[in-house]
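Could you have a look at this structure, given as structure tokens, before my questions?
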Amino acid sequence: MWLVRPAQPQDIEGIMKLAAEHCSQLSSTVPKTREGLEARIELSSNSFSGALGPDQCQRFLFVLVDSRDQQVQGVAGIDGRAGNGQPFYNYRMDALIHSSHELGVSRRVDVLYPSHALTGRTLLGAFVIAPGLCDSDAFELLSRARLVFIASHRDWFSDDMAVEIQGIQTEHGEVPFWDSLGRHFFDMDFETADRYSGMLSKTFIAELMPPNPIYVTLLSGAAQQALGQAHPATRRSVSLLQQEGFHGGSYVDIFDGGPVLEVRTSNLKTLVTCQRKSLRASDAEDGEQCLLACGQGADFRCTLAGISESLNEVIRAPLSVLHGLGCESGEDVMVAPL
Amino acid sequence: MWLVRPAQPQDIEGIMKLAAEHCSQLSSTVPKTREGLEARIELSSNSFSGALGPDQCQRFLFVLVDSRDQQVQGVAGIDGRAGNGQPFYNYRMDALIHSSHELGVSRRVDVLYPSHALTGRTLLGAFVIAPGLCDSDAFELLSRARLVFIASHRDWFSDDMAVEIQGIQTEHGEVPFWDSLGRHFFDMDFETADRYSGMLSKTFIAELMPPNPIYVTLLSGAAQQALGQAHPATRRSVSLLQQEGFHGGSYVDIFDGGPVLEVRTSNLKTLVTCQRKSLRASDAEDGEQCLLACGQGADFRCTLAGISESLNEVIRAPLSVLHGLGCESGEDVMVAPL
Amino acid sequence: MLLIRPLQSGDLDDLMAMAEAAGKGLTTLPANRDLLRQKITQAQDSFNQRCEPEAGLFLFALEDTELTRCVGISGIQARVGLDEVFYNYRVSTTVNASRELGVHVRTPTLHLTNDMTDTTEICSLLLSASHRKGGNGLLLSRCRFMYLDDFRRHFSDKVFAEMRGVSDAEGHSPLWDALGSRFFDMEFGQADYLTGIGQKAFIAELMPKYPIYLPLLPAPAREVIGRVHENTAPALRMLREEGFNFNGLVDIFDGGPVVEAFIHNIRTVRESVNRHVLLRHKPLDQEVPAGERVMVSNRSFRDFRVTTVPAYCISPDTISLPPDVAEALEVESGDLVRLAPLKDAGPAPIHAAGG
Amino acid sequence: MLLIRPLQSGDLDDLMAMAEAAGKGLTTLPANRDLLRQKITQAQDSFNQRCEPEAGLFLFALEDTELTRCVGISGIQARVGLDEVFYNYRVSTTVNASRELGVHVRTPTLHLTNDMTDTTEICSLLLSASHRKGGNGLLLSRCRFMYLDDFRRHFSDKVFAEMRGVSDAEGHSPLWDALGSRFFDMEFGQADYLTGIGQKAFIAELMPKYPIYLPLLPAPAREVIGRVHENTAPALRMLREEGFNFNGLVDIFDGGPVVEAFIHNIRTVRESVNRHVLLRHKPLDQEVPAGERVMVSNRSFRDFRVTTVPAYCISPDTISLPPDVAEALEVESGDLVRLAPLKDAGPAPIHAAGG
């Protein structure tokens, strides 16, 4: 049985293994070092336990495990407030119209404005999954379990959410948007900049990022094409997020030009459709596959299960599911359709 | 009976009288000169008749008349495409966060960016009504008749709409936002700038407007307070627009700092609730008060009437209403609840 | 004798011939008869103080008195940017540095400015091919500095010259191709022409207003910023020797440099002396090389005249002039004239003394 | 005798006393013993070429040889902005004009720049109150220009000085109150101090990056831009006479002007001559007024020394020096020394000759 739960110190090996095997191409904000990861899990534990309030950089890290062996097969995160108390950098795409009445010409001029407008929004991130699971339901479980968590801890999160989607990178690891823009100012390669940006102090961005708006027409052709485009490897993530109601807005990542998707939290499909029910054991093994979650804070667990509904406030799932979730009959759960 | 219909050349006297009496305080894009008004009505007629297509600066001007004497008691307009083929200027309000990690300080810095992002959106404007009617249903009729017109000519208009709301002006005619910002660059008083901006060529704005972003904190206190605030005299207009679904966005007027309200056209309450029905005469004088409109293009008429519904596709209104609208029994009409 | 004097309406044909020979490149004097006639009128109004001081356009002719023909022209525009808007890019430095990461990057950045507004421009230098020798170019150019200094209140303290930027034989400018053409729906030549005749509203309408970070432009465009067209290199060298410096302003279209100097720092101004005229009937040896000649100006605002004489004419208090030269300069014995070397006075004293 | 020589570690007490007397205002030399000791070490490393040429900080002491005390200091920073980021505002002009409407508005605008990056700065001038007479301030300041010219390859072609801007007796700066304080959560004094000690990351983080249109600032703030503190007015006057010009750059906090000059245009440099030393045992009349004295430099990079002697010591090829002066300068008969007037050489020749 697949289970999504808060990351714990004993998951470090599994997370590092997963990240080492599958993160070479796909950038992620999962720390690469043991120390970084230990600190991140501690921060996450303090966030789940409620030791940190919403104003204190809550950063949640979930893992996807097989309940039988507790092997980590995926990682996903939520930052309570984008920027974690510091400015969160994006480019906002806008257009000016340069028009000469006398000469009868008019031209649309695309401009990238440095923006911190998304600072403080709840941010999804740090998504890594074992490649073998990319087409499985476990993918959807890992991605959406976070939203079920948000639904059951609504006041910890902001009214608007965002998620940064990785941008275009060639098979040789080149990032056309970075090569045309950021590289000139940060004097480092994309990997390095991306790694620094995962750290807490964003002072280096304030120090190194060009402070003035950028004319898109002056970027390389490849960079212009990459602007606002998602990496092909993020296809399934993006599709799931779009089904949830996320839409591409006006914002792109300052490093790779990848799109930032936005949504009003209250419009998320998972939040609209999930319901609080009382869970009872069922004999039947089949039923409608749903996301099923129980537990508050550090005890949060989410899985996929075949659900049968009996009375208005009661749903039934196989006893094995109750065991897997560590949950007793009659306990309150959140349930959301796939 | 109150009737809203396309402005016609014979309305010029009435419009000028109305504008002269009631427009001294309340700015409007209704031309002040006879020549200007003649040209505007001609443009409007060509727009209503379909002689101009959506890409050719359609500008519609409606009048509110008492059907008995055809005296003009109000004017309202729609511009098919904001800017009418030229850039449409606004300031977009955005915030940067200036934050020093080392010093532990963080400050929100509000910035006004010159923007043409609303260029090409359908724009409501030119709203003037006799003060005696400010609390009457005729006010709502005049304002919403335009939306009924849009509903019945949907493909002439864009998917997003905007309306500029007049900003703060003191009783002595001073405009704090203008005095703190525009005045320094345009070297003219607010009235003059406002008048020029109603004209077709916006070259003077490209020539005179400061091209760089403006820090709000450097504006006068009065200007900062006026930013994004509507003139009290627009209270009822704003309230009606908000009921329709218009909401204050990130944009303000470059001259007076008044808010620009935005809406997705398909979300407009009038568009969502209005229905096409077949109109029959009724004997009953009372019924639910509704907006009732008939006729395409130049023949468009809209009024308020007590409506009784009989069958699914048929509504009934008093015969006098049919006469007032110049419409025959069985004719198709648009009906929208108040 | 070669004589500097105010341009006159009789010079129109000679001027037109020179403008035609110059071709493109000299945008302030296009080969357009009506426009040139208008410029001559404007110059006459300026010398006669019939126009606002700020509108002054002082055009000087170099007359070959034997040929009675105008063989060169040079000008001073009293103030630029008062009637239209005068644009430049300023090449500025943006530094992005992080001590923590050990990164320190300097990014040359173009800022759009109107910083030369209300400043005096020296402009419109043309010399017939037949007379490109013997320091005639120097005379045409440097006579203006004596005029500027003698009539300071008509001009700004700082003066500048715009130098033609790099373009190829077909008139293609690398900077325009990389920058201007992205924003203007026209050819470089058209933009240059519209600017030259003072139609500049289109710049305010179409020009990018935010700073341009140079690393975003391709190398050929970056490389021409602040560089002059090869035909303009000698003129630039002359102005540099005169004390003009490139201080970061360039043309918005082709990137050609603006060079500037404060009038009191200009070499011709610093090396000028005044002497009283002494008429002497010994004829001058006109074969003296340029390096041993001095410019003599009559210091007249309205009928400014300058010619050159051998340096040996100078005495501690006076300068001896033969009657024909005095007549050409419209001066008499006892009048005060201004002198300055036509060419370099040689290296500065510190380097002469050794070391 | 008053002698310029490299600052030494023994000068620390004298330097500390001067820094304390100077109070605020001199941000590069705060009265902090550790910091001053560090500066002295840096200066010694620079004179002995033990540091990167770009990191050079050359500090000169004015020693009163009778008192054997350091009574003044002045400095040259070889390059600024290479280790940290060096910020200025450039006062630029934005013109908004519409010919159609007859509107023409000039808006002074502040652009944030790092244009002085990699440029040589003259800095840190302090003179004990007891010695503010007889041209000692001139000697302290102008001796640096002889050093700059003799060792050009260590410095940039252009040099600049930052002049203290306007603030009131309580240290309030009108520009800071109107601009800086809107963006920085600190007092002017703190911002100034952090900048002085080279902690500048906070500027990149907190400073507004877009241009500031001056009409948006209140009049008291606008008026101090490019103006100096009244205590700094004499220093500014001296630098102007030396050929330094204000060219639009000002301090980002108090608006004080940056003045700049190309080394070859500096008056001390232009008016310098070299002479061979001739030892002569006749003692010097030390009562000669400053206007009749000349500076004599030994032209040594490592042990630079300068003092003044009466102008009458100069002959066409030599300068006669008494043994004590030669010893102080560490020169012998036949050595080449550099001379420059201590004060103005008087008006330029053109104005002397009349007219």
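Think of it as A, B, C and D in the order they're written, each chain with its own count starting at 1.
Basically, a contact is a pair of C-beta atoms (placed from the backbone, for glycine too) under 8 Å apart; a residue touches a chain by one contact, two chains touch by 3 or more.
Protein names from UniProt, one per chain: A, B, C, D = Arginine N-succinyltransferase.
Quick caveat: nothing in here was measured; it's all calculated off a predicted structure.
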Contact-richer chain pair (by C-beta pairs counted) among A-D and A-C: A-C
Chain located farthest away, centre of subunit B as origin (C-alpha): D
Separation of subunit C from subunit D, taking each centre as the mean of its C-alpha atoms, in whole Å: 33
Computed distance of Cα centres, subunit D from subunit A, in Å: 56
Centroid distance [mean C-alpha coordinates] between subunit C and subunit A, Å: 63
Length of the line joining the C-alpha centres of subunit A and subunit B, rounded to whole Å: 41
Shared interface positions of subunit B, touching two or more other chains: 98-102, 203, 206-207, 211-212
Numbers and ranges of subunit C residues touching at least 2 other chains: 94, 96-98, 100, 104, 201, 204-205, 210
Subunit A partner contacts - residues on subunit C that touch it in the complex: 94, 96-98, 100-101, 103-105, 107, 109, 179, 182-186, 199, 201-202, 205-208, 210-213, 215-217
In the complex, subunit D residues that touch subunit C: 81-86, 90, 92-100, 104, 106, 111, 113-115, 117-118, 149, 201, 204, 243, 245, 247-248, 262, 265, 269-270, 272-275, 299, 336, 338, 348-350, 353-355
Complex contact set, residues of subunit A against subunit C: 98-103, 105, 107, 109, 111, 180-181, 184-188, 196, 203-204, 207-215, 217-219
Contacting residues of subunit C [partner subunit B, same complex]: 112, 201, 204-205, 209-210
Subunit D-touching residues of subunit A, taken from the complex the two chains share: 203, 206-207, 211-212
